[in-house]
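The two complexes that follow have chain A in common; it is paired with chain B in the first and with chain C in the second.
Let's look at the complex of A and B:
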């Protein structure tokens, strides 16, 4: 039905924005080049990945092998643990950034000395190369000579092997990720807090509300758009995360800090292109399964308000 | 009132001290280690250098391995400038039509933008496409990749900015007989200046810092970028920590300069794009 209409008919059919003439002054060929790039370098590889994930794919040939790659991915603990780690990584980084971001936002919108300096210094790591940050912290967290553990030793505490303990490595990297990324979350929360009208707080104060009550009943509810943004942004970033992990541990020790993105790279390096692409499809499905429902939920809540 | 001011001081000073430990010490550590001699840097300590040799270190780093770091800086600069230029022009045109025109193609365009923001690129199939185009392991190939992956974010920024430009301007130009191209390039584009600057700064930092894309799509020594050399540097210099940290320092300088000059635009771009995304 719709497909039989030409674009100009569609335009005359919409009364909201009348056009002066039949030929639009906003030509569709403005879309042509970006569309070409999108289709060739993004859409085609994405669709092709569904086919290639079902093949044994080397430099020279592709053989269709059905779901074998996925069977392998989910049965080998070394590969499957990447999926669990990705999930843990994304949820923990996202959650911590929300909590710390709100706290820092409250701190940096209140009247304190050195506010401008503090905002700048917290935000700057966002702009620094992830590889640079990763290598720096790898040295700072060195179990024997690193600044962190020698400082702890000076206080009489024996620091753990942050990146060498299999139970700890993933969480140390998560900590560094938060260190690097909390600035952007804080900034978004500050933007949200500044937009809340002061009258609400004045009215609440006349009614005798405490600071905590105002935070829970005014600040938090009105920060919902900012919170949504931070959650979605950091989840998307966390699920894809690769650079920091690769710079700090390469997924080690063993496979204890491997995520899907590093599994994809390792299989690609080993020449298992089909398996690597299956990893890509798993990541695609994981991202869609987490982000799309959240986006729909947040949109509905936004409308309900 | 006086109590409030004292509180402002106490909380502020505590926060500043904490920020020094948490945020400044790592950067100071980079600077101090980069200024040390090899032996001096071997114990990884947070101490003042016995001898300040930062400039010698910089010279050594730039000369190592047939000046690979220098070549990497040239490559990364080319990559950043060209890909950001492509992003700005293409995203401005797309964002403009997306806001101004009502067309059923808009649904498709919006879907693409959303997918570009969310979907992680499929690596090996992208290499396969690049290879069949003869663009794999070439700088132009990587430029197009960076431009494509950055387009979504830029289109969102441009679309929301264009919607704040009154349509009366378009209509006046149309009455004067301006062609669509002229309308866009001489009337609209100059008005987009603030958002163009934001897009340039934010994406320049992104592309300059990009590691995964060069790793996959531009491997090999010929077209190496700064992030790759930094990564390879640790194995080549074998525990010469002073040189590794000199390299880290060199790579941190461009974003720092950008931040000092364009502080406001960066902050605006990151929060505005975030709110839309």
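Let's look at the complex of A and C:
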């Protein structure tokens, strides 16, 4: 692939030759390879998965069973709960990241000591492998030997079973996800805040605005593009989250922290290929159904301004 | 890459060239490795120039397996100097099931692999995936219970490695002695013991280790002997889709598990403890009883050798003492995939035969701790065995023993371990758990294409 690209890149990049006017920047054959890759690697599997979700298949044969897989998926409580958990997970992680990200962004664009250092500290967890973070926190949150609960015990507080209490497990993972992902949100917000012209604040200050008024009427509205990006990115990330959950609880205890992705993985592992493909289709439709209207809404509001 | 060559280039080019060079080298290295590991089955097809054959053997990771296979390799090298064994490992459990199926269907499987017998073996589609071994001399020596779990209607495909093991309750003999308790034969007696241990307050009556979810299944899996004692053809009618876990007698296992949780008999850290911690607890007597498989004695022997004879065994007690039966697991087996051919196939067959010869059995005995009698007549138990294995003998002598359900039926629902975690930690009830498991089993039966589902 590299060798086919190089000559024409050189050609377009060479400043000596006057560039002829073309309707398309590249000749038609230039699109053939990417188009082929797209069809083979993305289009065909996507449509094949729609078909296979209607079958019960092994690696050797398929039986067409209509919508049975979907019926199974929505009727079995242990599968369906995965859908609810996914929703809770996506909304909570996304919302928390926006709020925390803005607050941290405000803090880290103000004149404080060690700003550069603090910025990198906030961003550091983003760089660490998710599996590594998951396993580390699993050890830290161990109800009896973990650092968190032994520290609490030293203060005289009996810490809960963060990952073993069925009512708490999902929320503990959400907390870790926010800790790990808030750096990216903060970074985007910092970029957004730095881009806001200082004149607005100066004008507002002359008019006697308080800090809170400036935050609500200048910073927040002008951060809209950043906010949109953070919400979309973290919602999509939250809806398809898997690695952190798998590393920390494997969906347990029981099925109490199962999300769609981990349900799909378990069904696949068990050899229920049709059912897991149906789960993937459900996930695909869910992500589309949530993200598409959001994207349209944000875009329209952006244009209206 | 010498200094001279590089120094000819201008500093700017050098700055760009260096990382490029490094990247190219890295790519070459990585792709070279991939070719090296993937391509050897094709390139050296069997016999090398010196006449030796190398066969790849795949086994699940785990300390006891490593010791066993290293010993087998050393022993086999003496018996067959012209065959060399190399090893590959993969994770055990459902992850391993998935890998095994994928490797078989893509033709990437090692020349010999070590895998479960019974329902998991049947799920591999043996007739189309595995090399038949029906004509091998050792097949005639397999026990009556072993032969069907490595065979289909068309032939035999697996050679056992290791001994059988029972599933029930491991108990600490010192704790029992101190409190003057007797081995229970009925559920009521078992509960009376639990009550006494709890009243004493020094140790946990029952050890549970949901940190490793598979360990939560023993209340249900180990109770199957009792189900079979009450309804001898239960397994067959379960395979046919008639017998269900929501009905008596099978639901009793879920009810028993729920009851022990509600009575507060578990160790404090049951929700997060791991199998290794459970083994430690039962060996050192910080817990009195642990529903587990007797092959845990291997782990005891390895980590707590001085406590090996403190650990005893009794089957999961039935409600009615006369129906208490031991549930027996048959050993995992060695299989040869269809993709092994020619000289490698011959060498692989030699290896399987040697493992079950007197010589091979001696190596097995030295390298591992027996957890029950062998499933092939060529292998005999030594005179001294761990206490837990000794405790199994009366049930074998009285023929109060049934193979575990997974050896009598091809269906085992994959989510049992999560369901029993829910029942065992009060998230769900016995009724709900049994119902959820019936649903899980239904999916498996449909996937296998069994009639009646």
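Assume the second predicted complex is superposed on the first by the 280 of 305 C-alpha atoms of A that agree within 3 Å, B and C clash if a C-alpha of one lies under 4 Å from a C-alpha of the other, contacts with A are read in each partner's own complex, and residues count from 1 in each chain.
Going forward, a contact is a pair of C-beta atoms (placed from the backbone, for glycine too) under 8 Å apart; a residue touches a chain by one contact, two chains touch by 3 or more.
All of these numbers come straight from a predicted model, not from anything done at the bench.
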Identify the partner contact of A:131: answer first if only chain B is touched, second if only chain C is, both if each is, neither if none is. first
Using the touch definition from the top, say if A:255 reaches chain B (first), chain C (second), both or neither. second
Contact breadth on chain A, by residue count: chain C or chain B: B
Just checking: does A:78 make contact with chain B only, chain C only, both, or neither of them? Give me first, second, both or neither. second
With the two structures laid over each other on chain A, which partner does A:58 touch: chain B (first), chain C (second), both, or neither? second
Thinking of the overlay built on chain A, is A:142 touched by chain B (first), by chain C (second), by both, or by neither? both
Taking the superposition on A as described, I'd like to know which of chain B and chain C A:301 touches: first, second, both or neither. neither
Identify the partner contact of A:270: answer first if only chain B is touched, second if only chain C is, both if each is, neither if none is. second
Intersection of chain A residues contacting chain B with those contacting chain C? 142, 268
Listed in rising order, chain A residues that touch chain B in their complex are 2, 5, 7, 10-11, 14, 17, 20, 24-28, 30-31, 33-35, 37-38, 40-46, 48-49, 52, 57, 107, 110-115, 117-118, 120-133, 135-137, 139-140, 142, 145-147, 150, 179, 184, 187-188, 191, 225-226, 229-230, 232-233, 236, 239-240, 242-243, 246-247, 261, 264-265, 268, 273, 276-277, 280-281, 283-284, 287-288, 291
Spell out the part of chain A that touches chain C in their complex, as residue ranges. 56, 58-60, 63, 72, 76-78, 142-144, 161, 163-166, 250-256, 266, 268-272, 274-275
In the complex formed with chain A, which residues of chain B make contact? 4, 8-9, 11-13, 15-16, 19, 22-26, 29-30, 33, 43-46, 90-91, 93-94, 96-97, 100-105, 109, 112, 115-126, 128-130, 133, 144-145, 147-149, 151, 155, 170-171, 174, 180, 183-184, 205, 208-209, 211-212, 215-216, 226-227, 230-231, 234, 241, 244-245, 248, 251-252, 255-256, 258-259, 263, 266-267, 270-271, 274-275, 277
Given the complex with chain A, which residues does chain C contribute to the contact? 94-95, 97-98, 101-102, 105, 123, 125, 128, 210, 213, 268-269, 271-272, 414-415, 418-419, 421-422, 425, 427-428, 436, 439, 443-444, 446-447, 449
